[in-house]
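Here chain A shows up in two complexes: once beside chain B, once beside chain C.
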Partner chain A sequence: MSANSLVKRNTLITSLIYCAISLLLFQSLGYVFCVSIVLVTIFKVSTTIGAVKNPSKLVVNLLAVTVIVVVFLSLGLKNTIEMFVAMLIGACALKMLQVTSAQQATSAYILNFFTYPCFYLFSQNILAFAFVAGLLLFNLAQLFSVSHNLPIKTSYKSSVKKFIFSLPLAVAMVLLVPKLPPFWQLPNAKSANTGLSEDVDPFEITELSRSSELAFRALLPAADIFQPPFYWRAIVHDRFDGKKWQMSRLQGVGLQRTYQPMGPTYSVIAEPSNTRWLFTLGDGIPASKGMGVNHFGTIFQKKLSNKPVQYEVSPVDLDDARLSRWEYAINVQLPEGYNPQAIELAKKWDSETGSTQEFITRMKSFFVTGGFNYSLSPPAIRNKHNVDEFLFSTQSGFCGHYASSAAFLMRTAGIPTRLVSGYLGGEFNQQSNYYAVYQYDAHAWVEYYVPQQGWLRLDPTAWVAPDRMFGSLSDLAELEQEFKDNLGISLASFSNIRAINWVRLQLEQLDFHWTRWVLNFDDKKQSSLLKALFGAKHNFLPALSVVLILIATFGGWFAYLNYRKWKSQAKEIRLYNRLLDFGKVQASSLTPKQSIELLKQKFPRAQAELSEFYTLFESARYNTESLSREQYKRLSFLNRRIIKKAKIK
Partner chain B sequence: MISGSYKEWLNNILAKKHSNNSMTFSHDNIYVVPSKSGFLFLFFALLNFVIGINYQNNLILGVSYLMLMLQISALFYGYMNLHGLKLELLDITSNFAGHHNQAKFRVTPSSDAYSLNIYHSDFSHLDFQNKHFDAKTHNEVIKILLEKRGKYPSGKFKVQSGYPFGLVNVWSYLIPDKSFYVYPAPMKCELDIHSSLEADTDTGMKSNRADSFEDFSSLSKYQKGMSKNRISWRHFAKSQTLLVKDYEGEEQSISHVLDFHKVEGAKETKLSKLCYQVIEADKQGHDFALRLPNVYLKMDSGERHVKACLEALSEC
Partner chain C sequence: MNQISQNIISKLSELILGKDEQLKLALCCLLSKGHLLIEDLPGMGKTTLSHGLANVLGLSYQRVQFTSDLLPADITGSSIFNTQTNSFDFHSGPIFSQVLLADEINRASPKTQSALLEAMEEGQVTVDGTTHTLPEPFFVIATQNPLHQSGTHPLPESQLDRFFIRISLGYPDTEAEKSLIMAGNDRSFKLEDLNLALTAEELSELQAKVMSITLSEPVVQYIIDLVSFTRDSGEFGDPLSPRASIALGLAARAYALICGREYVLPDDVQAVFGPVAGHRLNVPCNEQTPVVESIFSRVPVPM
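Now for the complex of A and B:
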């Protein structure tokens, strides 16, 4: 195949790869950009099959300007990293239109070693890893192909060998080379996953869109305090505007209160999401870097990350028995002129009961006996008096409805109350001892304040659907059908088929170990690994061992290659060369006979042996029959003997 | 000044190591460095490293280390590619200026060698061949293009490879002791017989009369390089042996001297014209002598004589 058609074929494949990458990053890079890349790819395909002429430099430059404008307008300056990656992919895709020579193609393929890994800025799960690793391997083969003018298939074989040789060394380096802290702050890519929303507005939703995506995993040590139900607090909402519950202004404010430790630390590995608010069982303070704890004792990320983050939490008990005046004011605030019926009802209960506890009991009996039912697809409520409509007319809803109405009633009665959203439950993985919490486990409940006792949890949903408190939503038998209808097609929706459920759990576990050990392999984990490997000398040995491993590997490999080459020569030639080396004879311009004569002059004592050596050598080289084993032995013997005699002098 | 003396020093070392008509490349005469592409590759590895560290992204960090390892191992692969390869210069042909001189090599790799480029490090223009050689003996012809006539030492031949991935530059030299000539480019002109006739008596040069087979004094055996015009075809028809007619006495043939001073034009033009005349005279079967300012070649004919004349013209 000619060099030109090889370059053509390779660049076409690469164009298609760029197109695939852009489409996979569709959510981050935006559809405008993706469409323009698809167009560029179509252009490339048509030039390759000859439907369109190769574009001139001017055309490519104009296209480049267009892509820059498109990227700028669609992504804007805010999404720095998305813009950067989009520009890079766009430039690469356009370059593919222009490449004609092997030299240009080589540079493009080298640049791809930077372009492809950018995918990891957006996604780092096992699939993404395998995808990019495959791309890099293929890119290496393409580099081989264009730089040596070989068909892709042959190049692929040679490249795989070299790739596999380097891979374990690279892994060893990741494990052993000391982890450096970041040099400087860089903007992060935004995660495509959505997590909890910062405002709770249940009434207008007719169908709770629930996804089976993972929210986080938790490793809980065996201790009495970790007993189900697991209420994972994330966001506190304390402002009701008649329609939705908004996130508290104190959500991002640091903790000022004192606290008492409660038990052993547990760790949580949170999937990337678009909010910084992380998950805490009750109150907790972080034991990891980069995390903060807010006024309510829940943990948040100081900087939004787009990869799974692992953090350690020490469960604590906040000293929150006192409530300041302004906090009290915030937590009983209600908008004027909403839900008159509910206000009336709450006022009636308030006058009939003497304590918060009695009020709650009253409210509970109202819910339990009032014919409410739990539903994932309740009717929409567009009425201004939404709580009224829910309480007295529709009476069907999910956690948001119940928490929202309960909080409204309690605030009306003057009980400081706030809405908390987070997750409830989790699926326990027996093999690896962790809880997996999914997006469909999202939940909302209420916290109310009792003087001298502090803030207490109340889950009104549990009055209507008591099973919801234990286990995951997926375990709820009555709601199974409804739940699955809402999930759409995913492995979780087939979890009643045993084999599929087994596969799902295995994948889930693999992903758990991947995030825990690969993605979150940080300086802390590294130092504990190094301690285990090197004991007390772990401070200086790892760096040394990297150097040693590299030297040993490359040295050993080099020696092996040399040995193999040496071994591939016939034995008589090796012996002959050894003699020449020993006698320091420059033999390249001499025939063997002349060289041996020269040796005879140098070592007159060994003349007889040299003659015999030459006879054997000659017959080995120029006869069709090879030497017998004895003759080879004799040859070696003569060789040793000549050298011995020559040394005597 | 310093760079000049450094170059000289380097050339001396290379000459000491590589002066030979045939070489087997091994550890003490193979040079390996990352190529331009290799440095670009390392630059992107560094960029990946910075990004991997700043985002605390182990996967990108892994890619960066992988690239570093690939580059290091490429150095070894590149070295082993050339190692054990035997390069032997068989011959360099002389040719006219503007035409290619050909250096004939014999290449014997000890195992498959990829993407080899063999060229003259001063005279070849670099059209990269990227040839693959399997472990057999191959004959390879290198073209050398020179515009200026003269006698050239064979100079430095370079064998180079970018294998693998073009990330490395592996090379070695062969500095043979042979030399070759670039003859002046022939310039068409008339074969200057008149002037040669004038010079007849004092120089005693002559050109033979091919058809006067009666006048020869004796027959001798044909040897390679003798003018074919002197072959006695009659004898060949009879006895199948090639015999050459030896002529006696100067008066029997036409003298023919190609004289530098009788040709018009500047020096180079003169030489080019003479060059043409030498070839033409040989073609027509004349014996001729060549008079140049610094040398005088006696009248003769045959391949060897033509070659001597052309070489003299080149060196003039």
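Now for the complex of A and C:
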């Protein structure tokens, strides 16, 4: 294949890869940008098949200006990372239009080693890793292909070989080379679009039940305190403005004193999300760096990360039996002029009951007998008096509706109440002993205050849909159909097909280990690994191992090259060289005849065999007729025999 | 084929005692259709060898003793005015024979030398504007005295290059010299006693056979390595030309044929390297062996 057509073919493939990347990132990069990249790719395809002439410099420059304008208009300066990645991909895609020589293509492929990993800014799960690793491998092959004018297949083989040889080195580097903090960092990309919101409009949370994305995973040690139902607290909303449940400034107040853990710590690996709030079972205090805790016992990241975050939590019981006056005031606060019917109802119950418990019982019977039903797709409520509308008219909703209404009723009755959003349940993975919690497990419930007892949990949704309390939403038979309708097409929606479910669980598990052991492999884990591996000698043994692995890798590579050289030699030459090595004959400037004469002098016993060997060798090497199988056998036989005879002193 | 060449060698060795290697090389030169240069001191049997070669191969031959006053026309022939026809008739010189024995070529003036060498290269002679083709086959067997001898004109490099092989006979060993003394001055008898070893057809058949000898890739590589060494080592003022490379390949093939093999060995290359390359590298005869040995010791034999 000519160099030119190789470059053409390679750049076409690369253009298609850019197109695929931008389509995969379309949520972050925006439709407009993706469409323009698709158009550029179509342009490239048509120049390759010859439908359109190669663009002139002016055309490419105009296109470049257009792409820059598109990037600015569609992404703006706010999303630095997205803009940066979009610019990079756009520039690369346009470069592919221009490339005509192998030299230009080579520089583009070198740049790709930077461009492709940008995908990691948006996703770091195992599939993304496999995708980008595959791209890099292929890019290496393309680089070989254009710079050495090789067919893609050949260069792909060679790049895979080099990859395999460098793998132990890479693993050793990751495991053993000290981890230093980065010198500079990019601001994080806004990668997660799903997750909890700091403001809960109860009529918005429907969105969550559509997503089968992973929210977090938890490793719970066996202890009595960790019993289902698992209510994973994340955000406490203590301010209600009539429409939304919000967070008051109390969120910023830290813990007032230290607490003794009441059980073993458990570990959670949270996927990237757009809030800083993390997940705890009940109250918890963090046992990891970079986390904070407020006096609600909810944990937050000090810096929002776009990587999965692993943290340890010590379960505690917050001593919150006493409520200060301002806390009390905040937790019964309600805006005026909303939901008159609900207020009337609550006031009626309050006057008829004596205690908080009685009030709750009254409320429970209202919900249980009132004809309410649990629905993931309730009718939309756009009335100002949304609680009234729900309680007396639509009577159909999900956790947000119930929690919000219950909290409204209780606050009306003067019971300090707050809304908590988080997740309920989780799917247990038998093989790896962890719970996977998905976005569709998102839940909202209520915490109310009882003097002397502190804050208690109340889940009004459970009155209406008691099944919801146990296991994941995906296990719930009744809602299955509706759930799947809302889920769209993803693997989770086929969970009743066993094979697909199995594949899903395996992938899930693989990703768990990936996140736990690779993405979260930090300096702390590294040092504990080193200690486990090398014990007390962990100060110098890692360095030694790095050196050894380096030597082994390079040694392996050279051994492989030598093996190939050896393998490429004809059999008679190998046998001949073996004789020379055996006889310790420095034969480089001797002709085979002369060398064999030397051997004959050294080993007079084997003269006859040496002569016969030489005759066969000579005709194999210098005559065009190749030897028959029998002759080769004879050659090997003679070789062994000569060595055997020569060994007899 | 092998027998024929063995036959020739054995016949010649009756004449030139104990010099089988030189005889092989001389025959190798003729089988490669090359011209032979024999360099030695007077009285070493140069002329005898050349006579013997021509005799054995059954070729017509002429001998020219080169002297310093020899003119080109003395070799090529000249046009003489014929009074009867009123025209110039060409009277061909001694060069119009199958084998020309140019004895002591370096005694002639450069002008005469170059006239001969032109004929060697072109296979034709031009006298007074008329081109005369030389007979086929046409060999020149030239002898030359070592250059330090008085009254010699060294052949220029370009003309030395026309000689395919240069050999030197050297002193005979004791046994051979004894027999020589015993036989006395009976040389002419011996020469006439040589029967024709092969016919003209057999000779051309043999010459054609040379090209059918297998020259395998490693051997070609060896030739290239040797030639490159003379070019890259910086030890030689006149490195080997591609013509020399071609000559090496051809000579090695002919040598393999004489040895009765269908294919060339690196050993054949080594055997012909000195005689083929020595004069082209401007190495004096007496230094040829050590120089060639030192080249061999430094150029690995490719596998």
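The criterion applied here is as follows: the second predicted complex is superposed on the first by the 526 of 649 C-alpha atoms of A that agree within 3 Å, B and C clash if a C-alpha of one lies under 4 Å from a C-alpha of the other, contacts with A are read in each partner's own complex, and residues count from 1 in each chain.
Here is the rule we use: a contact is a pair of C-beta atoms (placed from the backbone, for glycine too) under 8 Å apart; a residue touches a chain by one contact, two chains touch by 3 or more.
Values in this document were obtained by computation on a predicted structure and should not be read as measured data.
When both complexes are overlaid on chain A, the residue A:558 reaches chain B alone and has no touch with chain C.
Using the contact criterion defined above for the overlaid structures, shared-chain residue A:573 touches chain C, although it does not reach chain B.
In the superposed model, A:612 makes contact with neither chain B nor chain C. By the touch criterion defined above, A:597 lies against neither chain B nor chain C after alignment on the C-alpha atoms of chain A. In the superposed model, A:312 makes contact with neither chain B nor chain C. In the superposition on chain A, A:623 makes contact with chain C only, not with chain B. For the contact definition in use here, the residues of chain A common to its chain B contact set and its chain C contact set are 569, 588-589.
Here chain C touches chain A in the complex through residues 214, 216, 218-219, 262-267, 270, 296-301, 303, going by the rule given at the top.
Within the complex formed with chain B, the residues of chain A that make contact are 106-107, 110-111, 113-114, 117, 120-121, 124, 129, 132, 136, 140, 143-144, 147-149, 158-159, 162-163, 165-167, 169-171, 173-174, 177, 180-186, 188, 307, 518-519, 521-522, 550, 554, 557-558, 561-562, 565, 568-569, 588-589. Looking at the complex, you find that chain A touches chain C at residues 569, 573, 576-577, 587-594, 618-619, 621-624.
Chain B makes touch with chain A in their complex at residues 20-24, 37, 40-41, 44-45, 47-48, 50-51, 53-63, 65-70, 72-74, 76-77, 80, 83-84, 110-111, 114-115, 130, 132, 162-166.
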